[in-house]
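Once you scroll down, you'll see the structures, which are given as structure tokens.
In the two assemblies presented below, chain A is common to both, partnered first by chain B and then by chain C.
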Partner chain A sequence: MNAIFNNKFATLFTVLGALLVLVAPQYLKNYGIYLLTYWLIFIIATMGLNLTIGYAGQKSLGHAAFFGIGAYTVAIMMKAGISFWLGLPAAALLCFAIGLILGFPALRVQTIYLAFATLGFNTAVWLVMRNEEWLTGGTFGINNIARPVIFGYSLEANRPYYYFVLAVTLVLAGLLWGLLRSPWGKAFKALRDNPIRAESLGVDIRNYTLLSFAIGAVYAGVAGALFASLVQFIEPAPFAVGASIMMYLMVVVGGAGYFLGPVIGAAVGVVLPEWLRDVPGVANWYLPLFGAAVVLLMIWLPDGLLSIPDRIKAKRAARAASAARTAAASRIGASS
Partner chain B sequence: MNKRFALKLIAACAIAASATAGFAQEVIKIANIVELSGGGASAGTNFKNGVELAVKEINAAGGILGKKIQTTTNDTQSNPGVAKGLTQKAIDNDVFAIFGPVFSGSIMVSMAESRRAEVPNFTGGEAAGITEQGNPYVFRTSFTQASAMPKVARYISEQAKLKTIAIIYVNNDFGKGGLDALKKALANSPTKVVAEVSTDSGQVDFSAAVLKAKQSNADGVFAYSNEEESARILRELKKQGWTKPIIGETTLTGQKVIELAGDAANGAIAHVGLTVDAPQPAIRAFRAKFEKEYKYVSDHNGMKGYSGIYILKAAIEKTGKLDRKAVAATLHTLKVKAADQPGVLMDVSFDAKGDLDRESFMIEVKNGKQEVVSILPALGAGAAPAAAAAKK
Partner chain C sequence: MTDFLQLLFSGLATGAIYALAALGFTLLWQASGTINFAQGEFVMLPAFMMLGFMSLGAPMLVSFVLTVLLAILVLGWVFKRGVVDPLFKYGMMPIVVATIGLSIFMRNGVRAGYSAEAHPFPSLFADKLFNIAGVTVTLQDIGTFVLAMAIVMGTQAFLAKTVTGRAMQAVAQNTESASVLGINVPRMIFYTFAINAVLAVAAALLVTPTYLAKFDMGEGLGNKAFFAAIIGGFNNSRGALVGGLLVGVCENLAAAYISPAYKDAVALVIFMVVILFKPQGLLGKKEERKV
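Presenting the complex of A and B:
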């Protein structure tokens, strides 16, 4: 019965979600569309981080660095006159390579120490972005980044660009879905749950650790490339350590290790603060309120918002078990 | 069935959203898009308060062309990506003009949106690049670094007669822009720059920066950072026993900086485009009104926001109708006299790029107060600035 309930819930959820992302933009003005696009981009970025953190169990606080590398790669290449369609794969490839390299410390250190190592990496990348003015424009940033043209059709306006980002999000989500259901996905989860046991079963820990960083980085890189084109201006600030922590927060709030976690997490991180702005009475307090909401969430739902159905299920199972126990006890009592 | 319900819901929202746009004719909507949190919070809050004070006065006096002004305020979190979204939001809401963002990085992004929608956009940003892109809808409320720094450089080499100088600057677009402009202005002077010390936005400990400046053995230091950091630099200079001249531009002697730095601010000299301590009657009146309303003394950003609204008012009244395009056209080459429109605080004129020109001041902090030591004429006034500097 639980399975049926869950299926119905999942179908409803999917239909409503599809309606929201496909139809809603027709009725929204520029700001709404911009915000939705921002949300999609953070879904892509946090999908990658969810793979690294939620599925492979590696603590990474350097995700914004890949986000930035992707953004700067596309921006710099487009300024040099190279097409967005070459810049995007280049950004993905570069992030894959750097992600592999960043994976190496993860072979030596784990948990909080790994988080510090990746944090250091993020700071180093940020310093390069800020100080290598000849390449990155330094603190002046790179302005007037164009939006791509697809088959002669310009994505310059907000709505076409939104649908483009939506398409990319769906393709990447599909790829991740496939990956997680493949033997690779099982290997990632085995790595998270118990690395020693995984190795004893023939999972090459080293390769999968490196891959979990590299694939996660590719998602961040693609998201960064889309971000540069969305805002059309980049500077080092959005790629600093604070942004990495924010992305980590999105993954955890949504539910690390849940496939749809990033969708919810990015909504909490991107859309919720913007929505709170417009709620009468809290407009001046929207940031403290947001902070308080996150604290409360973490206290009540340390496994994220998507753990709610599982919790309900667990509670129901517990109740059923306890009822069965009572019944059994009374039966035994009656018989004796 | 769910589908139908969702569609209805969306349609209802759309109707509700478009209904609010219908009021555009009744009031003049102005959006404040400013930094209320993050690195620019101090500047943004002052700017916003200035705007709101001016709006209140104008509404009390009957509005512009008989129409009341309505303002909305949004916080950019000092993040350009957010600023861009908020500008789109303001445009969606059919505002007549946009005030802010104050930070140069943010205005660089948002002004592309206001240009596309042909909405006049007043900024407090001082980076020279803002008006150099030929955007006909962006207008400044203060000097650019390109016009302010030559005045400072002239003071350093001709009046203070410093042979060498150390520069402590904040490493963001504002600080780097100022550094570049100052170095360019000093290039042909007898003053040599012997140290360039880079600091971070939000930095707390300036002991290393000040030590570096001391070790350079320069005759003076030029400190160029945002408000809170400027105060920390001043405190650290005093702590390390710095006795040579401390020179800056606008932010170094801002009211907030003086409050935060306390004693350490005394003796600091700065060029300011706007100061509440200037001996003009309109500015005196503004200072009193602002202090009464908000219980603290405004800094130059408050004056930028306040005078900006009155400049817009003058432009609308001159145009005679509420037409964004026509008003933007009027603003170029607009000249407003403080005698006719006291809210602009000083005689001001705009050039074809949207840059403004007016008198400015050299001030020194004495006993915790800004004191104007000389008034520098507007660049377009014709008189040689050095000669007029003696006027007091």
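Presenting the complex of A and C:
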């Protein structure tokens, strides 16, 4: 019965989700499309972070740095006249390399120490973006970043660009899905659940820790590259520590270690504040309300929004078990 | 040399404040495993509470006492019962995110409900300059340093010398044995939260005259306090003092001799060096890893 319930639930959500992402842009104005694209980009970025913290169990508060490295790589390369289609893989590659390097402190320090090491890394990257004007334009940023052209078809308008980002999101989600079902995915989860036991079972902790950072970073890098092209103007602010903290929040609120966690989490982190801003009477108070909502949500659902089905399942199982117990008890009582 | 001393002195004053904020942070961590990402906002809010009481006409001392009481209630009791207790058993991630939410709520709540501007804050000390060994030091700097050190040392003496303090340390080290020994564990943990709140009020009193009361003043302070706490040793409250002073002084020196643009990276660099060579911090003890 649970299986049926879950299948119905899952199918309903898939159909609704598909309708939303495929059809909705046809009925939205530019701002709505922009917001949806923004949401997709954060889904990509937080999918990577979910791999690092939700599946591999590493504490990372520096994800926005990779987001920024991706964005600046593409922006700088496009300003130099290099195509977006070279910039995107370059951004991914660079993030992979830096992600590997960032993984090294993780081999030495754990939990809160690691969280602050990555937070510090983010600060450093942000300071470079802000201060090295010759490269990044400093606080003036880089403007007029073009959107890419694909097979001679321009993605300059919002709607085509949205569908392009959607396609990238689906491809990357598919790759992550495959990765998590491969032996690698199992190794990541073993690392999260008990590193020492994982090692005793022959999982190379060192490699998988580094890879969990590096692959997570690639997702952020690609997201950053798409972001630069979406907003067409980048400056250091969106890549500061606060953004990393928001991404961490999105993963945990959605449900760390749930595949669809980032989809929900990014909606809470990106769409909810925007929506609250438009609710009449709320305008000035949308950020405090958002903060309060996050606190209450955590108290109510510490494992994130996607733990709701699991909770219902657990409750049903408990009820079924107690019913079975009562039945058994009355049977025993009757026979005696 | 004079320049160097000058920088050193003003760095010590800043560092003492970092130490104050860092101390509360390590206390909470030891007693309850809570990482409070709203620690900076815990300093910002009392500053506004005090301003509020003073604008109602209360003298500074009365405002301070009222603020301490209010802070113990809100930042101590409500925070513990409302946020930490329900999340305690779920590990680090939900508490981290809840306190992040709390910091967003507090920071933007003050901005939306009160003001986005910076407000001047009366200083405890007269506007006076001293000349020591050719170095000009303000009374504000000296007073801040002395008071902050006194508070940090006083807290430590309380923890080490009094029965209550020792009971609190017992709870921090081993909750189960402490409760077997008849220590009222929840009460000791509440005391820790209360002390954290009082330390935050003290920090607000010392830091705001120089940096002005502003809704986002907690952001930088909280970050520096975190780094200071980890540099000194997360599970050692004396470490907070060492870390705080070290960060404050190095930051000042680096801003003058290296580059003001990279001043904020100083805490980070010390932090990286320390955790590479001594992951548990300068004074910290190694924590056993559990299988």
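Everything below uses one rule, namely that the second predicted complex is superposed on the first by the 336 of 336 C-alpha atoms of A that agree within 3 Å, B and C clash if a C-alpha of one lies under 4 Å from a C-alpha of the other, contacts with A are read in each partner's own complex, and residues count from 1 in each chain.
Operating definition for what follows: a residue touches a chain if its C-beta (ideal position, glycine included) is under 8 Å from a C-beta of that chain, and two chains touch if they have at least 3 such contacts.
All values derive from a computational prediction rather than experimental measurement.
> Once the shared chain is lined up, is A:24 touching chain B (first), chain C (second), both, or neither of them?
It touches chain B, and chain C stays clear.
> For A:332, is the partner it touches chain B (first), chain C (second), both, or none of the two (neither)?
So A:332 meets neither chain B nor chain C here.
> Check the residue A:287 against both partner chains and state whether it touches chain B (first), chain C (second), both, or neither.
Both partners.
> Which holds for A:141: it touches chain B only (first), chain C only (second), both, or neither?
First partner only, chain B.
> Now for A:80: first (chain B), second (chain C), both, or neither, which partner does it touch?
In the superposed model, A:80 contacts neither chain B nor chain C.
> So in the superposed three-chain picture, is A:111 touching just chain B, just chain C, both, or none of them (first/second/both/neither)?
Touch partner of A:111: chain C, not chain B.
> Both chain B and chain C contact which residues of chain A?
130, 287.
> Could you list, by residue number, the parts of chain C that touch chain A in their complex?
These residues of chain C touch chain A: 29, 35, 37, 82-83, 86-87, 90, 92-98, 100-109, 111-113, 223, 226-227, 230, 234, 261-262, 264-265, 267-268, 271-272, 275-276, 279, 289, 291.
> Under the stated contact criterion, what part of chain A meets chain C in this complex?
53, 59, 105, 108-113, 115-117, 119-120, 123-124, 127, 130-131, 194, 196-197, 241, 245, 248-249, 252-253, 256, 284-285, 287-288, 290-295, 297-299, 302-303
> Along chain B, where are the residues that touch chain A in the complex?
2-3, 6-7, 10-11, 13-14, 17, 37, 73-75, 77-81, 84-86, 88-89, 91-92, 105, 108-109, 112, 129, 171-173, 175-177
> Would you mind writing out the residues of chain A in touch with chain B in their complex?
12, 15-16, 19-20, 23-24, 27, 29-32, 34-35, 38, 130, 138-141, 143-144, 158, 227, 230-233, 235, 237-238, 274, 277, 283, 286-287
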